[in-house]
Each structure stands twice: as structure tokens, then as C-alpha cells.
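Labels A, B, C and D are assigned to the chains in the order they are written; within every chain, residues are numbered from 1.
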Amino acid sequence: MAVLLDEKTKLIVQGITGHQGQFHTEKMLEYGTKVVAGVTPGKGGEQVHGVSVYDSCFEAVDATGASASILFVPAPYAKDAAIEAIEAGVELLVMITERIPFHDCLDIVPYARAKGCRVIGPNCPGIVSAGKAKAGIMPNHIFRPGDVGVISRSGTLTYEIVNAITNAGFGETTCIGIGGDPVIGTSMPEALELLAKDKQTKRIVVVGEIGGTTEEETAKRARRIRKPIYAYVAGRTAPPGKRMGHAGAIISKGMGTAESKIKAFEAAGVPVAAFPTEIAALLRGN
Amino acid sequence: MKFYEYKAHEIFRKYGIPVPRGILATRPEEIVDPPLPCVVKAQVLIGGRGKAGGIKFAKTLEEAREAARRILGMTIGPYKVRQVYAQEMLDIARELYFSITIDRSARAPLLIASAAGGMEIESVPEGSIFRIHVPPLVGLQPYILRALSKALALPKEVASQVSDIARKAFALFEGEDAELVEINPLAVLKDGRVVAGDAKLIVDDNAEYRHPEYADLPQDRTPLEEEAHDKGITFIQLDGDIGVIANGAGLTMATLDVLNLKGGRGGAFLDLGGTDDPEKVKQAFEILLKAKPSVILLNIFGGITKADTVALGVKQALEAMRVNVPVVARIKGVNEDRAREILKGIGYPADTMEEAAELAVKVQAGGR
Amino acid sequence: MKFYEYKAHEIFRKYGIPVPRGILATRPEEIVDPPLPCVVKAQVLIGGRGKAGGIKFAKTLEEAREAARRILGMTIGPYKVRQVYAQEMLDIARELYFSITIDRSARAPLLIASAAGGMEIESVPEGSIFRIHVPPLVGLQPYILRALSKALALPKEVASQVSDIARKAFALFEGEDAELVEINPLAVLKDGRVVAGDAKLIVDDNAEYRHPEYADLPQDRTPLEEEAHDKGITFIQLDGDIGVIANGAGLTMATLDVLNLKGGRGGAFLDLGGTDDPEKVKQAFEILLKAKPSVILLNIFGGITKADTVALGVKQALEAMRVNVPVVARIKGVNEDRAREILKGIGYPADTMEEAAELAVKVQAGGR
Amino acid sequence: MAVLLDEKTKLIVQGITGHQGQFHTEKMLEYGTKVVAGVTPGKGGEQVHGVSVYDSCFEAVDATGASASILFVPAPYAKDAAIEAIEAGVELLVMITERIPFHDCLDIVPYARAKGCRVIGPNCPGIVSAGKAKAGIMPNHIFRPGDVGVISRSGTLTYEIVNAITNAGFGETTCIGIGGDPVIGTSMPEALELLAKDKQTKRIVVVGEIGGTTEEETAKRARRIRKPIYAYVAGRTAPPGKRMGHAGAIISKGMGTAESKIKAFEAAGVPVAAFPTEIAALLRGN
């Protein structure tokens, strides 16, 4: 079992003919993902790595019965593409695109929810169900099927941590990169609930960072979950008031400090790793 | 994006929100016929200007110019004051607080108000803060304004003016892609009018393409940060002496954390992002070098990024800048062997980020 | 609310949608400097004016005035033509169809387009009609316009103009509370421009309070219907001789149906609505009497309405109008006995609506 | 059992201090409905027939735990009131108000759905679960508990038909007045599904009228339902192109004729009464 995505999920790639779209379509195919169609307006009829390109999501979904979409469309066009995918009936929408104005996400995310479509991201590395399928941009080789579920607000830091988990001899069920923006489709506590319900997932690793209060909310939720949970929080030495790359990663007005998050996790019985690789040691301890 | 006070006022005015009259001046003589009495305020992008002496009162034109003379050129935090704003002094009967921001958990705009205005909202007791979400997809409805007026126990005439300002502020919040619209104090004047005593505006950087008119507004960045921003690179100058460069916001923060935990002091923070272009790596590296770090800690978890591309960019930058800064490099990714080859003689290779951080501290201390 | 063609064009123009130039005239001499050649069109609120001779072509000013002379005063359907519109003749290369309406089942605006324009959309084969919903809550997105352009196989320059018009038409649909925005033909001219060849607009009557500027627009009502409308009463004149008055749209329709099924002919249709005010009943009844029915069939299922109140209003109206029309009354509700008492001597009482309908037919035939 | 509403449902009345609000609050209380609060902005603290009035839905819901609301607010304020009720968390919203611009309903109805709130109406007589509770304006005395579910687009015509059912010795489970407007919260086929699932409802009476295609869609749905269904359709002799009072009741461009609806019902095995009272005879026949 896995959450959100597995080897049967039929995926379309929006923005498939772009640089990123092409590159990651190949990698997703290599990982075994059922990439059944691509979408780029005006490029219908082309092929990308053997995948047929359509002019619209409607055509792509009609032709293939796809139920999921991954979005590489540039930020100014992302809202249009997202609403199109939702209207075309996809149930899972993974938004890789970064730098989408959050006011657009204030439309996309509630609308998706209204229509029963789950959004992951934006500004995220996507999802990998280890050994099954990938809807994302994470490197293929770092994953190995196992029983650890991973949730992260970050991109490369996730790779670092997954790599550490795998190198330590463990493996993953599903790794969910929820994204670093202020308004995202699936929050950290929501992702936690998903993995908590997954039978194959025996323990969960949560990678947080400064900014917002989602880690604190996650810690609260963690109290009611009977699986071991481990956390890492990036930014404990970041200067307050500075935007650390992610629009989300900012300590302002005393909110969202690493201290507060670490305290919340520890109070909820969630051990927090001091260094990213320490996650492996924590897993070993159990 | 942040806005100078006078600029924020200009935008508030555009949406029909009453703000005090004022005159912007870069030299004292530019203050002609100011609204009197007035407050002369330093235009800087950080708080605390009052304590620093950047706000003075004036009853006459001469006093206003004198105030401007003393404030202009002053240093507040890291900034030199280049502009003052001579603003109508309001005859305030009562100060309220009003702001709109987003609630990340609720994925909805959040409206915050208080009958206790004029101070930082953080110092207002929780019990006297009113919060209500604006439902996304359908927008601001009248019930929200009724609830606000009731919570603040506003008399009828004040309530209708506050409601009108709130409606316009929400239009501004949406129309300008704002992250924060803050009016503090929202001033009830002795003559009964309600005016935005001070207006603060922060706009989503990501929405800059929709607001080209904001593109050239000065921000609270050092010249080097500004240069990086123009090139689309996330770069932040810090106090320490070890420059940190990594790819991805989370990993860069984590690298800085590990370095600091290992006893080093991060001196600058550069996020290469997802780039795979040696030219962009070179540009980024050059900016970091301009910050004159004594050691550079490079941490790339490539995944998909090609390690040799990054190494090449680093090498080219060092050569172009003709500097000889030791680089502790930990590069994981496709072609990592070739990367080691390229950096031979320049860098100190490391395998994990912890190891790299320790090594950087050692190198900085002259240990190697 | 329906709009005369010239008025609809005016509103389309306000939203930036290109429409042909034109001149409105109530007398031939008012046509001065018309766009030539032109089409002179009767301004009426019903279709079929072409067949009735209400559309004529003119190459010169004199021809235009002559056309106006022949059209003005003409009768089309029940309407006398009081205004003509002399409109620029378009040099059309291709005719498309475009409209926005609502899909009740989907609870969403529905956009309809076809490459086969110029004719009634009902006569266009289903296969060449393109339909797409505009998602409510988030509005018109660009993908909808791309899909439309593709479905109609529009060349690039046409597609961009059509998309622009569609965007503006949707703004009009929302901004004016429209039920229908129809552009037919959406004309591609020989010079490449795309123009709304004809523009039809129907606005939701219920939204009149938001558009007071439309309140006084003439509608396709008889004078009596107009009088009823002004009093907020639903009244429709029909061909038959038995006036039907009931409370509630469904019950009134059902009463008309029963009457017709029992061999009667409904001559007017009046829905009293949920009123309980004898004055309003009186007003409504007076309007019905003005339509000179030979018999009146009154069917009230009161439920909450008081039967005696209704009876009182009926009695007062008959007295005030000094007429003596037989009233077959079936009144159910609170105090129905008192109602029978009041109508004694005026009305023929009935217990069920079927019975009442049969009785009305009998009375009309002189059977009682 | 009953659908949507029963004797335990806690109801608030929006617009309780108005003429209609006051009158029908009394009638609903008489019917046994748990009217727990009223809402009229600015009249908080007053009482209407012993029911406490609040300034907002939030206050009313907080104070009473109400899960349903009935709305008597005039049309220009109805959207505001509806969104407020939805945000305050009610799960059932009965909109009695007539003449609401349908563009407002294009916001209200999808938004309610997005938030998991069921809307009945607008421009409707409401709901009665016979012998249990009423959220509406239908006359109390015409109902008797029984096994007939009733769905209607109309007001007084519904009373006529319910009265005929009751007088014939039958009784009702729940009577749903779905409303006569073009955009309504619960369509006729959706109401049919609700009653089809209700165990106590043994047969269903559907009252349609000209305009739109909802009866045709209902007929299609009826084919899959194993309970006897009977229909009446008003407007078979109405002149085309004329608006018959309800914004919905119009035959235009050949759409929405009574013939088409009657044909659809009969083709689906749903007997159609020629006269309203004939419904009783049809019920007796089974």
C-alpha cells in the first residue's frame, strides 16, 4: 500500500513540452510511473518520450482516463492550468511550480477542495511512493521501498533526509513534499493523517522549517497517532525577519521560530534530530 | 515587497482610504506649505524609527524644515535616511487597530481588529483582539463588518466609516496581491472622521509580474543583496565569516544550522535553487565572494542537478574574480566524481554535510 | 428584462465589445448622416421582424429615411413599431455564434459557441455546437477560451479577438446580472475585425434593484400586464374568456390546466402570490376585471393565507369596479366558512379545484 | 426516520424579527420544531415567541449548537446571510426568500456545497418531516405521518397535493419544497435520491412544472429506484415564452414543455396525474 499514488495511478503532465516537463517526464517514466499523457496548449499531437501530448486536460483525461496530474506550468499560467485540471476531473494535482502568487492559491486550493481534488504543493518536489510511482522531481535512486513515511516542506533537504534513511538500511512508503509556500494544498497535519492511516507505514519522518505554525499543529495532531514519529526542523540559526528563500520560511513578529516548533514536537513525544542525518539514528533507536 | 510609508499612503489613497495629507522631501527646502502642525518622519523600511529620533513634531514651516534637516542623513539600523515625510498631525480621539493578512492553516484571508490601537498588535492583550476569516471564493461579506463593529463596540457613525475602510482595504489586499495591509492606528478624529493614521503594506514578491510599477521600489536590502535579487538569487548577508552556499531553501538553512551548531559562524547565505546552469552558479558564487567570506562552505545535494556543472561554475567564478578563498565542498549528485576532479586544488572535499561543516570551521580557524 | 437591440448594443459597447455603429430614430428625419450603406431595423422585443418586413437595406440617406418611413408605425406581432435603428452594414466574411447563459443542472454559467452562426442556434446541428461551463466561484479562465478557439478551428488572429470578446461578454454577464448574452452573428469581417453583428441581452428581473437604470425600460407586456407588473403582481393576458386567479405560480398554472382540461378557455392568469392583504387582493382583482373576463375562477389554497381576507378583497374590488362578473370561488384556508359568507350572492362556491373548473365552464356556457 | 430534518434538529431562524420570520417561527414551534435561536443584526437580546435573538449566526450557533438554519431575510441581504450561516457551520440551510438574483445563487449554492452545507431553495416553501419538525412555511395541519415522500418545485400546489394525499388516508415522511428558481441548492433528482435512500419512505410523489429539464433528469434517475414514484406536472396549457410567476416556469425555445416532462416520466414507468388530486387515486392504485 501507499498513499495518494501507486503503480496504477494514471498521471498526466501539464507543461510536458517545457525543459522541466520533458526532463522529469523521462525520470518519472524510468521510475515506473504510468505517465499516460501530456498537456501543452498548441502542441497537441506531439510526443515527449513516447507520451502523447494534448492541447487540453479535458482531451488528455478523456483519452486516457487519467486521475492525477503534475503541473510544471510557469507561475503566471499555473492558476489557469490548475483550474483546468480540476474541472477535467483529476483527483490528485501535484503542483511543482514555484513562485505562484499566493492570492492565486487562495482560489486554487479551496476550489480544488470544493471539487474533491487533492492538491500537493505548489512549490514542492512532489510525491514518491517508493518502488511504485513518482509524481515529482525527487531523484529516483535515493528511494527504497520500506515502512517509513516522509513529509517535508522542503526540496533538497528532503532528498538529504530520504538518502540518510535509505543509506541506514531503511526504506520508504510514500514521501510527500508538501511545499514551502504559505498557502498549500495539503498541510503537514493533513499529510500526517494520510500516513497515519496507511497500514504499510509503520513510522513517520516529518521535515519542518521555520515560519508559520504548521509544525506546532502537526505536533498537536501527533499526540493522537500511535506510530513513532520523528522530526527535523531547519532554520534554528536563521536570522529573524529575513525571508530564507521559501516564502514560508520567515520568522516574523516572534512567530514560527525553530525553538517553538522543536518544543512542540518534543512535548508531543516526537524526537527531534539535531542534524538531518540524525534522523537515521533516531529510526535505528526504535 | 515592502513600501515606504509615503508610498503605502499613496496606494491607500488610490483605493479611497482616507490617509493624512503629507509632503515628501529629500532636502529641507523641498518642504513648502506643509500641513501644519505636522509630524516629520524618516522614511525607512524598518521599525523603531521613533526611538532612533526619526520622528519629530513641527508647528511652523521653519520647525518642519529644521526637523527635516536633523532627520535627513541620520542612520537608522543599517539605513541612511534619504527622505522625510511631513504629515498632517491628526487630532485623534481614539485609536483602533485593523489589518488583513493570510491565515495559512485556514487558507483564507484573516481580518484582525482591535479597539486598542496605536501600539504593536503583539502587545495588545489576546482578549481584546478580534479575528475573522474572509471566506475565500466568495469574498468579504457584510456580516464580517457587522461582527467587527460589534466586537469593537463602535458607535454607529464610526462603524459605517470603519466598514467602508475595511471594504476598501480588502479590495486593496486582493487587487495589489498584498501579504499584509495594516492600519495602525485606525484613527477616530475629534471631528468624527475615521482616518488611516498609519498604513503599512507588504506585497507578495511572487506577484511582482502583475505589478510592474513596483519593480523598482527600493527594498531593505544591502547593495549586494539587491544585486543578487536582480539576478533572481536568494542571498542574505549575515554577521559571520563563513559563506554558506547550497541548493534549495531548506537545505541551505539546514547547512547554516549545522555550521553554527559545529561552532562556525555563517557569514552569508546563498540559495542556488534548482539551477543546473554553470553560468548562474558562477554569478551566484561571485556575489558570495564579494561578501568577502574567509571560507566558503558549499553543500549541494544534487539529486538531479549535475555535480560537475556546479563544480565548473565554482571554478570559473574563482578564476574570474582572481580570489583564493578556501572552499569546503560537499557535492552529491550525478557525476560527483568528475566534480571532485574539477575542484581538486581549490576545494576541501567532504562526504556529509556534518563533515563539511566541521571541516569549514577547522579551515577557518587555520586548522588546515 | 429584455432590451431593444439598440439598447443592448449600447451596453455591449460599455463593456468594450465592438458593435456596428448605428442611429436610433423615432421619425425618418431624425436619420442624419447614417453609416452607409445601412440596415434599417424595427426595434421590437420579439423575433420574426425580418419576415414581417421590419428590416430594410439602404444605400443612401434618402433610402434610409424611406425605409424608416415604411417601418415606423408597422405592426409586428402585437406591437406597433415606434423606433428604428439604422445600423452600419457589415462586410462579413464569416458568421460565428456565441452566447452565455446558465446551466440549471450544473449551477454554472454555460458558454455556447458555434462556427455556424447567423441562424437560430436551435437550427444548428448538435455536432457543431461547442459547450463549456465556466466554473462558478473562480470564473472565466483562459483554458476555456483556448478550448473554444480550438473547437471552432479559429485562425490565430480571429481567436484572439473572439477570446477578448468572450472575456468582455462574461464580464457583462456577471456585471449586469444577465440571464442571456447572445452574439449572433459574431461576425468576422473581410478586413479581419471581429464584431458583434447582433447582440441580445436578457437580464434577471430579480436583480432590478441592482440596476435601477433598467427599471423604466419598456418590456413586451400589454398595458394591463405593465400595470400589474408595476404593482408587483404576476399577470398574463391570454386568449380565452375565463379569468384565472390563484395564489402561487404552481397552483395558478395547475388551475389553468384543470380549467382547460375541463373544456374551458383561460383568458387571463393572475398569481396572487403569498399575500394576505385585502388591499392587494383588491388591486389584483381589479386588474383581472379590466381584462373583461366573462367568468372568474378563483382558486385559493390558503394554508396560511386567511380565506376571509381574500374574499373581502374580491368583494371590495367588484363593488369598486361596479361590475357584475360571476365568480366561481374555491377558497381553502383559515376561516373558509366566513369567506363563503362574504361571497354569498356574488360567487359560486366550490370545494375542489376540479369542481370549481367544471362549474366555471358551466357558468360561462350559461348553464347556471 | 425522515430525511434532512427531524425532531432533534436544532434550527435557527435568520430574519426572525421580520413579519414572516415572526409568524412562521410561531408555526414551526407549534409543529414541534426545535427552534433554538433567531438572528437579526442589531436585535440581539430580544425574544420572539420565547426564542432568543442574536446579532449573528456565529453567536446563535455558538450558544445553541444549531445545525440548521431557515432564512427569511429579504433578497438583497440573502447572500450575506447565507454565507454567514455556511461559515457559522450549519449543515442545512433552507432559503425561503424569493426573488434572489440567480447570480447570487451561483455563489451561494456552489460555496455551500464546497463547505458541506445542504441548501434547500431559495424561493421554496421549505421542508416538513411529518409529525416531527418543520423548517418552512407550509401549513401544519395538512400533514400526517406516513410513508409517502413528496418533492415539489411549487408552493401552494404542494399544499394542494399533500392535502389530497392526507385526505385520502395516506401520510407523509418528508415533504421537500425544492423551490422554483433556476439555480437551487437541491435539485429534483438529488431530492429523489435522498428519499429513495430513506427506509421509511415507501413511495414518492414528485410535483414538477414547466421550464428547465429537471423533470426529465428526475425521470432518468427514477428508472433506477425501486420505490413507486408518481408525478404531477403543472403548466401543460401554459403559453410558451411567458414567465409564469416562477423564474423557472417558462417554456422557451421549445425547451421545458409539460409534454416532454410527462413523456419522460411515463417512459420511466412513473404514472403522471392529470389533476393534482388524482395523485391520491394513483397512490390508492398501489
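Just so it is clear, contacts are C-beta pairs under 8 Å (C-beta built on N, C-alpha and C of every residue); 3 or more make two chains touch, one makes a residue touch a chain.
Model, not experiment: these values are computed from the prediction.
Among the remaining chains, those touching chain B and also chain D are A, C.
Of the two chain pairs considered here, C-D and B-C, the higher C-beta contact count falls to C-D. Averaging Cα atoms per chain gives one point for each, and the point farthest from that of chain B is the centre of C. One simple way to say how far apart two chains are is to compare their mean CA positions; for chain A and chain B this gives 27 Å. Chain A and chain D have Cα centroids lying 43 Å from one another. Inter-chain spacing, taken between the CA centroids of chain B and chain C, is 57 Å.
Counting partners per residue, chain A has 107, 110-111, 114 as the residues that reach two or more other chains. The set of chain C residues that touch two or more partner chains comprises 137-138. Viewed as a network of touching protein chains, the structure reduces to a complete graph with every chain in contact with every other. For chain A in complex with chain C, the residues that touch the partner chain are 41, 55-58, 77, 79-81, 83-84, 86-87, 107, 111, 114.
Those residues of chain B that touch chain A in the complex are listed here as 102, 104-105, 107-109, 122, 136-137, 174, 177, 179, 204-207, 209-210, 234, 236, 238, 246-254, 256-258, 260-261, 266, 269, 271, 273-274, 301-304, 332-333, 352-354. Considering their complex, residues 23, 27, 75-76, 99-103, 105-107, 109-111, 114, 137-139, 142, 152-160, 163, 180, 182-183, 187, 207, 209-210, 212-214, 217, 232, 234-239, 242-249, 253-254, 274-277 of chain D touch chain C.
Residues of chain B touching chain D in their complex: 133, 135, 137-138, 141-143, 146-147, 150. Interface residues of chain D, counted against chain A in their complex, comprise 110-111, 113-114.
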